[in-house]
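Next come two complexes, and both contain chain A; in the first it sits with chain B, in the second with chain C.
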Partner chain A sequence: MVIMQNYVIKKEDLNKLVERALDDYDVYAPVQKKSIHVYDQISDPASMDLNYGQTMTSAKKLFNPPVENMMTFDFDKKEIKDRLEDTIPETPSLIVGLHACDINGLLFLDRVYGGEYDDLYYQKRREKTTIIGLNCLESCESGFCRSVNTHIVLEGYDLFLTPIEDERYYVNVGSPKGDRLITLAPDLFEEATEDDVDAFRKSLQKKHESLPVEFHLDNLTETLDMAWDDPIWEEIGEDCMNCGSCALVCPTCYCFDVVDEVGLDLKESTRKRKWDTCLYYDFALVAGNHNFREEPEARLKYRFYHKMRGAVHDQGIIACTGCGRCIDACPAGISFLDVLAQLQKNWASAPTIEGGN
Partner chain B sequence: MQVEVKRENEYIPNLAVLKNRTDMTELETLFEFEFKDKDLQDHFSYKPGQFIQLSMFGIGEAPFSISSTPTRPGTIELGIRRAGDVTEAIHRLEPGDVVGLRGPYGNGFPLEKMKGKDILIVAGGIGLVPLRSVINYIIDERDDFGHMTLFYGACLPEERIFVDELENDWPSAPDVDVLQTVDECHDTWMGNVGVVTTLFDKYEVDSENTVALICGPPVMYRFVVKELLDLDFRRDEIYMSLERRMKCGVGKCAHCQVGHKLVCKDGPVFTYFEVQRLQEAI
Partner chain C sequence: MSDNGKPKVGIFGLTGCAGCQLNILNIEDHLLDILGLVDITTWVMAKQENSDGPWDIAFVEGSVAKESEVERVKKIREKSDVLIAIGACATHGGLPAIRNMRDIEEMKETVYGEQTSHLDVIPIKPVSHYVDVDAELPGCPMDKMEFVRAVMALAMKKTPQVPNYSVCYECRVNENPCLLDEGKFCMGPVTQAGCDSLCPSYGAACEGCRGPIAQVNWGAEVKILKEMGATADQIRRKFLKYCPSTADMEDFQELTL
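This part shows the complex of A and B:
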């Protein structure tokens, strides 16, 4: 009995698949720009570069754009026009080459934008997007995915490619949308043989040997509960510029601001939402100018607690995929990973734990 | 009973018309709205303590606690202080003007758990806005609840809101005591002078079978909670409504996140037990 059908595809044939997909999809893929990679729309498969470590910004921009129109209000007619349909392109999208960390980032956003209230702007884009994931067999420069267990994906992709020997990819099919891609170019795919499964296993072995574990999640929640008054917050708070770069490049940071902008003809206004971050001064400001997070270190600390402690309560998982982008993006050189590791060290060596009895 | 009005896109407000406005103080006005959609207006209901997102198109959207009670169907009343761009614009509205409303959102006060119990309400300044909803609810459903006591504190006598109800309607309702205080006063004020906690010295509160509801400026909570704890109130029977800047109202934008709780969905009403475990809550 066939429980699950898996395939292999030659690396060179992936370009042919993308070529054919271009007729039906807007295709996005990692593209090299100067010294960095970014997800960009492509019109030629040759311009995509899957041999990349990490893109500068995450794929969340394709599902939750930095700025988007929510609705328009006509002042004369006193009418609200939903801009949902305008903001979502008619053509479905295909994203090629998403690493496990970014797919896990989307799984987190799925939780936030789902639940009791639907966020249709996000969900409709998500439904209209097909994802070809790409397994990393080696670690990237700042990433720490294995430490936070996001080097593996179980769902969230439509096809997932793992490089195996002989310049081929082993293909896991994750959804009916993935099946649709295969039927688009059935000649490019071969059913996986037992030898291919062995090759796949070897690749996974290689991955597990090469991805380091730099930090342990297991006692993180207790660590953060103990660390609220740790001097580390004041120390790194002095360095942190509250620029918000870490949040903007983060695949799971989802905070947004809502603003109304009036058209130049004064006939209508557009309600927009824009990426926002808890590091900005006015994020927790309320009426009467009371600020619940007045000091820079309070805002920096909040980001750590929201992502690594609050999200566990709220969504059941941490809001970090170990992609390391925040480390690369920080102009002050603050490393998210180092801060967590330092907190765990402080906690483990706290006198109440080690010395007292 | 609350009727769920399900909308396709949760963020799109419903148009509502300002029916009436009553200036209460120099800064605060009570606004009465009615939905343009008659079906929605007829079926709209809410719980005391819930809030509404009000849109002033072109200027912005902000959350406001509902001041009216679902026991008196009709207009939706919002007591609003002039404090920023959106509220300045709201204060310029005239009857007939159109705004956007969506909601109700949030958990509201725990009416079911309050049934059969005595109620102590401590309000400071415009903290009376959401509490007025529950006060009038209790008065309308009088048999369901025990004795109700209201402590109300304002900075100055002329800064008190809902004065007519404070002075006349509520004290004359059955089994209700109303005590007022002001921080500073002129010669005309004959009542108590001092912060709201000074009322605890003037009135014997029995914590046995009593639930406390608090709403006021952030600075008030710690002092009031201390009084309540000294009177042996249980930490999970002290309820407080928190203020945050909600942008979405439905748990997406994270502006109102406190610790691991979202004020818009998990609140705005929390027990003191919950709040004491949340960093930066009060």
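This part shows the complex of A and C:
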């Protein structure tokens, strides 16, 4: 393993770095949109707003867009064309200001879109993207990252910034792509001194003290195994409208639907994929009009179980980054965190936060 | 089929503002393509000479508001292989059906004075109340691209599909802030998508013009609106403004507003 040098950069100089990067990269960053924040392409560093709690949808949309052309068919020529090269932008991307939860979200998607089956649409974008992460020293409104251990990242970033005293960032370099950013603007970075390391440590301590642990991950799988018939599913089923907002904003929900759209001349067709969610009736509808999850609350329960139990089975980790977006997005005010905490209270068999049982 | 092998299409208007028919005329970019796929043999709004049928496909706009329209829509049905209801009036009664919530004799007098004997008005119903409908393209007005896709599907002998999920999908994809969070009485969570969240994208609450999605959880929406301070009357208006036929549905009648 290569030991990377750590640096510091002034907060105001980060804008200068982004300014220089704009020549080589399509740059994406959190920007304010009405009352919320979203990741958007920027042409001016002044439009980014790194002082944000959470973006409405996750950075997933930059790697797996809501709609994507996969291939086209020409009926006359009997030709099929792969659209992979057309859909992936030629210019590499730089994303600035990704929080640890979102980086962990991408690490989860890497497993799903890699591994047994390679999803090249996702992976090509991932390869061509450089990520500047940003450490959160304080909890955001609905997030519960520390409860699910996603408040820290060990990989998945190219540079990782931690705010330290004197309006500066402590910079961890995570990859050669991060090194390249530094060589773009070596005058803006300084090697971290012992005092800087000390300041970094203080920031981490502050983070440690301010991020709460709201439920225990330890006994989650057992809890869910036992809670299949818990009345809570019916209770929240009464509030859930199956609108799918929670899944659409989720950084780890990866499901999509594949549709063929025929052109008006009926001579060509485009195969597209679109975000889909298990909250929708059509999702588990199969031939013969059979539906595996006929009832709305069955679909809601399925989402909980897939994320927090099924994913452990498939991937070895839960499919939740504690970003809290599902809580913010739910029109009915259903809280993923509250549901898990309640189940744990009802079914705990291992140590709880209170240390009981 | 016409002699040229293209399906014969009729476009008809019952009671409504004719905005959906106008929207078909507004599809300038694709109208020639559509004419390449089908022969429009009847369309009083746009053609001088119109056939009496039969038709392979009939598009019917507007609600059934008069005795004479019951006969008319039945005749169209008899002469058509496929019948598609277009727009909120045809699919759910639409705005004209606010008439159903008032005393009809009083309304007749308010509008026409004492001379009302020539009126054959009846309670307003969607087209499907009187005849079998093969597909519905909801909305006020009907989305013109949805119409284009429907024509294509029918030309390929497929059933036109409308999204079976709520407007929230489109709001999240378009990254609109949730209007319920802003205190607006938005019907998005229980309304069928397909408009690309047009109103919420401009900050206006969804009025539910595309009607309820299948398996809709009305109770949850009512609860949200109540918690936001909406009165029973306001909630009722929200649900029934564009889709008064909703009031006939058992699940809706069971709601405590």
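Operating definition for what follows: the second predicted complex is superposed on the first by the 344 of 357 C-alpha atoms of A that agree within 3 Å, B and C clash if a C-alpha of one lies under 4 Å from a C-alpha of the other, contacts with A are read in each partner's own complex, and residues count from 1 in each chain.
By definition in this document, a residue touches a chain if its C-beta (ideal position, glycine included) is under 8 Å from a C-beta of that chain, and two chains touch if they have at least 3 such contacts.
Quick caveat, the model's predicted, so the values are computed rather than measured.
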| item | value |
| --- | --- |
| Which of chain B and chain C A:228 touches, first, second, both or neither | first |
| Touched partner set for A:262, first chain B, second chain C, both or neither | both |
| Which superposed partner A:38 touches (first chain B, second chain C, both, neither) | second |
| Contacts of A:331 with chain B and chain C, given as first, second, both or neither | second |
| Touched partner set for A:80, first chain B, second chain C, both or neither | first |
| Partner chain(s) touched by A:281 [first = chain B, second = chain C, both, neither] | second |
| Touching partner for A:57 - first (chain B), second (chain C), both, neither | second |
| Chain touching more of chain A, residue-wise (chain B, chain C) | B |
| A:239 touches, of chain B and chain C: first, second, both or neither? | second |
| Contacts of A:115 with chain B and chain C, given as first, second, both or neither | first |
| Footprint overlap on chain A, comparing chain B with chain C | 262 |
| Touch list for chain C against partner chain A, complex | 30, 33-34, 36-37, 148, 152, 155-156, 164-166, 168-169, 171-173, 175, 177-178, 180-182, 186, 188-190, 203, 214-217, 219-221, 223-224 |
| Chain A to chain C touching residues, read off their complex | 33-36, 38, 56-57, 66, 238-245, 248-249, 262, 264-266, 275, 280-282, 296, 329, 331-333 |
| Partner chain B, residues of chain A touching it in the complex | 70-71, 73, 75, 78, 80, 82, 84, 112-113, 115-120, 228, 254-260, 262, 269, 271, 273, 276, 278, 283-288, 290, 292-293, 298, 302, 305-306, 309-314 |
| Residues of chain B that touch chain A when the two form their complex | 8-13, 15, 55-62, 81, 83-84, 87, 98, 100, 217-218, 243-245, 247-248, 250-255, 257-262, 265, 279-280 |
